[in-house]
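Shared chain: subunit A. Partners: subunit B in the first complex, subunit C in the second.
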Partner chain A sequence: MGRSYNTIAFDAAKCDGCGDCMTACATAKVGVGDTARSRIQVVGSADDGFELALCRQCGDPKCVTVCPAGALTKDGTSGVIDWSAAKCVDCLLCTVGCAYAGIALDAGTGHVAKCDTCAGAPACVPACPHDALTYITTSRIYNEVGDWEDLFAPGLAGCQGCNTELLMRHTLRRVGPDTVLATPPGCVPGMGSVGFNGTTGTKVPVFHPLLTNTAAMLAGIKRQYKRVGREVTALAIAGDGGASDVGFQSLSGAAERNEQILFMVVDNEGYMNTGMQRSSCTPYGAWTSTTPIGEGSRGIPSQGKTQDAKNLPLIMVNHRCEYVATASTAYMEDLYDKLDKAIQASKVGFAYLHVYSPCTTGWRFPTDQNMEVARKAVETNFVMLWEYTPGEGLRFTRPVDDPLPVTEYLKAMGRFRHLSPDQISHIQGKVVENLAFVKQMVHRASV
Partner chain B sequence: MEHTKYLVVGSSHAALEAVTAIRMHDTEGSLTLLTRDTHLPYSPTVLPYVVSGRSAPDGIFLRDEKFFADNHVALKRGKALKALHTERNAAELADGSEIAYDKILLATGAAPAIPPIPGLDQVAYHVLRTLDDATKLNAAIKQSKQAVVMGAGLVGMHAAENLVKVGAKVTIVEMAKQLTDGYFDATAAGLIEKAFTDNGATILTGSRVVKLAPSAIGATLTLENGTTLEADLLLVATGVKPNMDYLAGSPVEHERGILVSDTMQTSVANVWSAGDCAQAKGFFSNAKVMNAILPDATEQGRIAGMAMAGDPGLKKYPGGVPLNTYHFFGRHAISVGSSKAPAGAEVVTRFDEANGRYLKVIFMEGRLLGIYGVNEFFDGGVMCQLILRRVDLSSVKERFVANPLAVGRELMSKLWR
Partner chain C sequence: MTTATLETPSQAKPAKQKVILCEGNEAAALGVALARPDMVAVYPITPQSSLVEHVAKLIADGRMDADIVDAEGEHSVLSVLQGAALAGGRTYTATCGPGLAFMFEPYFRTSGMRLPIVMSIVTRDGITPQSVWGGHQDAMTVREVGWVQLYCETVQEVLDTTVMAFKIAEHHDVMLPVNVCLDGNYLSYGTSRVELPGQAEVDAFMGVKDVNWHVALDPLRPMAVDPLTGGSGGKGPSTFVRYRKGQCRGMQNSLRVIEEIHEEWAQRFGRRFAPLVEEYRLDGADYAIMTLGSMTGAAKDAIDEARDAGKRIGLIKLKTFSPFPVEALLKSLKNVQALGVVDRSVGFRWNCGPMYQETMGALYRLGRHIPSMSFIGGLAGADITVGHFHRVIEATEKLMTGPAPTEPVWLNEKD
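Let's turn to the complex of A and B:
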């Protein structure tokens, strides 16, 4: 399997051309803040937008192929294209090969110079005062787990663009083969976890409880394994409907008894598998097939769901579980940290992981936008990423200091297309209120 | 008879890129790489630096044995192609053995062109095309007191600089009116010439060696005007000619080089050619030209490899754009695109004589045809894209000429991100 590499990412919308990245680079690399000698070059203008001239560490690097001296090589481990001062003959052919101005003459030395990502800690990134530069390090997840056994069958029958397959495969890889999996009715078995024609869709024991009794059945199975002396992880991957509506009493009971299970809720804010009906996790104003848009009756038009969503993870906090966290597939490193903690917590008690999971089909957005919608939910504080333990209390893991207006999230999908200004201000108000509520809990934890 | 699915002949940039391209699409098909050289693959372009001692002869190899083993490539060194029997898809080697192929790539490069001057065959002289040539010349320049370099192309100029630096008295004899003809114009060539004469070299442009004879120290050269030169070291660097003698009697069409299509295929089925031996479409005209430069060899090699492997991602060759870089006495010259201004072209130059900085830009109907500079750095790769994409520069022309580095990058950021 090929490797994945870290990369310096640039958000042109946040750049104001201040040049601090160039000063930092030149200072780090040649000891003086001469921006002309920086290996990262901001080009363009405020009117036309800024861009970067920076080595892209290409997978198929032209500079390497045109180097006659073997002085440029792609490092298979880091992905960085290394330059060897000993082998370089200063012929400049690499600068002719690169179409991105990623390698250029440093007049100060007479040699070419290019970004080497400062061996994995690029000086330019922390120097940016506007967070326009980020160093994306998620490749470590891929490189670490990519070779682990995928415990789901190849080919799951999810909708195009669904992030739940990603979530299922990552989770089961991480939890490992000594697992018993419960998947109550919902998208997860619908995609094939329980299998077809008498074969399971997983390489671990999997069962298909009722919507109502998932946590109870799983708790019993875990206890039986313990009784016979086998160490297994008891894992549920359930939908929000199965957890927050009819399945809630068994979930709450298992949490109250502090059963040693890991309960993951994939929250797509409705009963998406059966035709997109509303659940208690469906947000206010959202279209679903049971909260339609239309003329309504008795002169009152239908404009989507008229109640606010239940905040299930906060309710779970009130059970004082061993571990409660919210997560998003747009923030995989965060999700992985929480998964690790949840697995550990489930060895001693009840661990609850609530993952927000945008639904391309039910939420009505293009199939290539899942991660973007998930990211927007966090960037607007519509969804907050935090974790809770009884000892440490509640803390934000990805605080958003300067949230986007909630309309940035709402307009990304069709289920909110009909919203009136009043409805939008209601939702924005709820976002503010929810944030204040969670902040209070953070405050309580810190005093 | 030995059989291989892909037979690649040659081991420099075009051949190596073809190997990579084939393996991108076909990881298993048998692949044999044949080279008459006994060394691991290296670039002829690095050889002047082996001559100067800057590059260690064992540090220039572009691939090692492990690369070929990892990629399931049978590497056969010291095996020259003698004849091509296209009617039965077989390559005959110099040792008499034959290899049957499904598809063959001729990336055999070029060899020094030795001018037919009376007496040249009577004297000892050097050429520079192989690693063995380079190590011999490296040893010889250390002994040289007075040397003559025939030909003021980039190979000759590089060697001459090395000779100057070891303290030899060097004379460069060039037929054309200026040195580095074909790459740079008279002004740029003048800057280069001045760097050489400032360092003690003698440059005789517009002059021709008409006779050579052995002498006590080496050779006596007689020039057209009757003057004679004594040389204890003679380097013949008067150009190159493609290696394609093995095509004698074969139906593969060739003129100055092996004629190839936009996918590097020759006139005969199952035979491709790329690199310095190929004659492919030029970018500026549809005529087939020799564009024997390193970046083009890699491009042609990649296209040939993709075509041979049947890679559906193959895009046709856009035509060769001349690209040259030249480093001399701590200065640099970069030339991208056409160095000649055709009728109707607009030429803008900027010359800072005191600082030895020169820039020349050639536009045609607002589009870039060529740009070159001496001690004026710009991103050659970006300039090449501006030419290939035929970007209209009318609205930024003055700014572009004033600062091709910054304006080129600005255009890049808008046009190909």
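Let's turn to the complex of A and C:
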């Protein structure tokens, strides 16, 4: 497989054109804060906002192609396009070849200059006061697991735009082939993990537990292999409904006994596979097929779910599991760190990983918006990313200190389209309350 | 009976066995220990509790090398065992009444996955009315779910049948879960003299453990266990039928296997139990009564007294209730002119006892009408005494000459 590289990402919506990134770059690279000599240039865009003139470290770099002196080369390890002063003849053809204005003449030296990502720690990124710049390092995930065997054959039948296939493939690659996989009734087997009529694309042993007994069956499997001295990972990829409602007893029992299981809940906040019915993880106000919108009776309109969601991961914390974490596919590095920790924890006890899974079908949003919805959930603190171990307590892994108003999240989905101002105010209040509650737990854990 | 596949016992005479005094629940636990399961999962419920306590103590004392899971409920108890069996483990549990009801979801599935799990049912009446006492209502309620169900008469039979149950369940022609039913209160707490087989002899009897050769969750031979099937298209219908038909074939095969294994047990350990249907003083009888479980002791006493008084009465006891031993039963009924069937539970749909109802189904194949009636007794811990059985015998005798009542007789109604 090819190689993936880190990159500097730019969020134009957050940029106010202050130029702090340019000052930082020039200072780092030429020792003076002369923004004209910065290799990152903030320029006006056609829509009165801003865009970047910056080297994209292209996979198919035109600057390299047009250089007649062999002075520009792409580094196969870092992905950075290196410039060689010794070979350059100062013809400036490269500046014409680049469509991003990513390489330009530095008047101070008389040669071209370009971004070299400061050897993996770009000075511009932390200098931005508005978090408009991010150094994306998820390439390490691809580079590490890209060559590992995908333990599902192509053709999982998920809904278009669903993130669960991504989650399943990444998780299984990471966990590896010495695994027994439980996929209780729901979207995951609905996608064909256990197959139909004797055919399956799953390359590890896989089964449907009952909706109710996933953790108990895995406990039996794990214990039997332990008894005969074999190291096998017992993994569940379960839905929120089975875990938080009808299967909660076996989940709680297995956690209390500290069974050596990795239990992943894919939380799409309802029974989406059976037609988008309400679960106890469905948030307040949400439309589902069993909390529909209507005129109601006795003057009380039906306006979606009337109760707040059960916070299953916090309940699991109260089992003092070996490891508990929440994660989101919009933050893959965070998810991967947690997956690794959960795998390790499951070798000694119960590990619980709660992954938020926006449902394009049930939540009513366009199929290309899955990651954006997932991101907005975190940026508004509607969803909080944290982890817990008995030794270190609870800590935020991606704290959001300046959250967006929850309406930024709610408006992305049709399931909240009907909300009244009172309902929105209730949800915003609960976001604040939930944050305060979890923060209290952080405090307690560190005392 | 087929005996060709039986091993030749290593000795002509059974080895001398240790004699102990114990209750039925302890006898079951000792039988479990002798069968050497890998995993036992438990959840307490009256009148089963002392059974799992005995198992836990045997493990704690090092007299039994098994993993014990104190699960949070019967539903998980059976689910844990399913997992262990799919990973190759020999497994055991016990329950009854409300616990069995709570367990029903995985219970149904165990036979479908052909997992040879052994579970004692320390039989208890169904609630409500609220009761914690014995009765066959629990086991009868789940008789149509594809488990082999064997009912014991004595404490010794509980011990011996518990060991045999593992071998029946794991037989390659069967591969089905087995319930060993012992009457709550009467057998669970009834204490009697028991001969305890030696471990080496039981090991030789059990042979090699081979639990998950047919279906496994094992990374060394990955497979998808229980994929979605059925529906009305593609391979769905035929696949589903193949599974179901296989279960029915396994049930029918078990009738032969139960006989073979009882015969082998008799040869190795010197105790012979009727595997399917027991006939007691049936030779020369014109009419008969049918019994199930521990009530049979009192019934046999009543039969002896009636015979001594010149009545031409005999007794038929079922040991194997599921699968229903139709051919063996019809053979026993060959010369019977009238029949009284005593149940320890209720069949709500037919206004009679379940064993009576099932027997009526078998009788259709006999091709001849036998006047018969249903007796229901011993519910919720009530005793069925020798006196009650004399009433059964008298009423059955009247069937020879008079009309058969359409209502069941409730034996303890006026106790």
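We adopt the following convention: the second predicted complex is superposed on the first by the 442 of 447 C-alpha atoms of A that agree within 3 Å, B and C clash if a C-alpha of one lies under 4 Å from a C-alpha of the other, contacts with A are read in each partner's own complex, and residues count from 1 in each chain.
Just so we're on the same page, a contact is a pair of C-beta atoms (placed from the backbone, for glycine too) under 8 Å apart; a residue touches a chain by one contact, two chains touch by 3 or more.
Quick caveat, the model's predicted, so the values are computed rather than measured.
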Clash or fit (per the criteria above) of subunit B with subunit C on subunit A: fit
Partner chain in contact with A:93 - subunit B first, subunit C second, else both or neither: first
Touching partner for A:178 - first (subunit B), second (subunit C), both, neither: second
Subunit B versus subunit C as contact partner of A:69, first or second or both or neither: first
Subunit B versus subunit C as contact partner of A:52, first or second or both or neither: first
Which of subunit B and subunit C A:204 touches, first, second, both or neither: second
Touched partner set for A:7, first subunit B, second subunit C, both or neither: neither
Centroid geometry (CA): angle subunit B/subunit A/subunit C, rounded to a multiple of 10 degrees: 140
Contacts of A:223 with subunit B and subunit C, given as first, second, both or neither: second
Partner chain in contact with A:428 - subunit B first, subunit C second, else both or neither: neither
Chain touching more of subunit A, residue-wise (subunit B, subunit C): C
Nearest-approach distance, in Å, of subunit C Cα atoms to those of subunit B in the combined model: 36
Contacts on subunit A seen with subunit B and repeated with subunit C across the two complexes: none
Subunit C to subunit A touching residues, read off their complex: 38-39, 41, 67, 69-73, 75-77, 79-89, 91, 105-106, 109, 216-219, 221-229, 234-236, 239
Interface residues, subunit A side, partner subunit B - complex: 41, 43-45, 48, 50-53, 62, 65-66, 68-70, 86-87, 89-93, 95-101, 104-105, 107, 110
Parts of subunit B lying in touch with subunit A, wherever the complex brings them together: 13, 17, 43-46, 49, 54-55, 59-62, 294-295, 298, 302, 323, 325, 327, 330, 332, 334, 336, 377, 379-382, 384-385, 406, 408-410, 412-414, 416-417
In the complex, subunit A residues that touch subunit C: 177-180, 189, 194-200, 202-210, 212-213, 215-225, 227-228, 232, 249-250, 252-254, 256-257
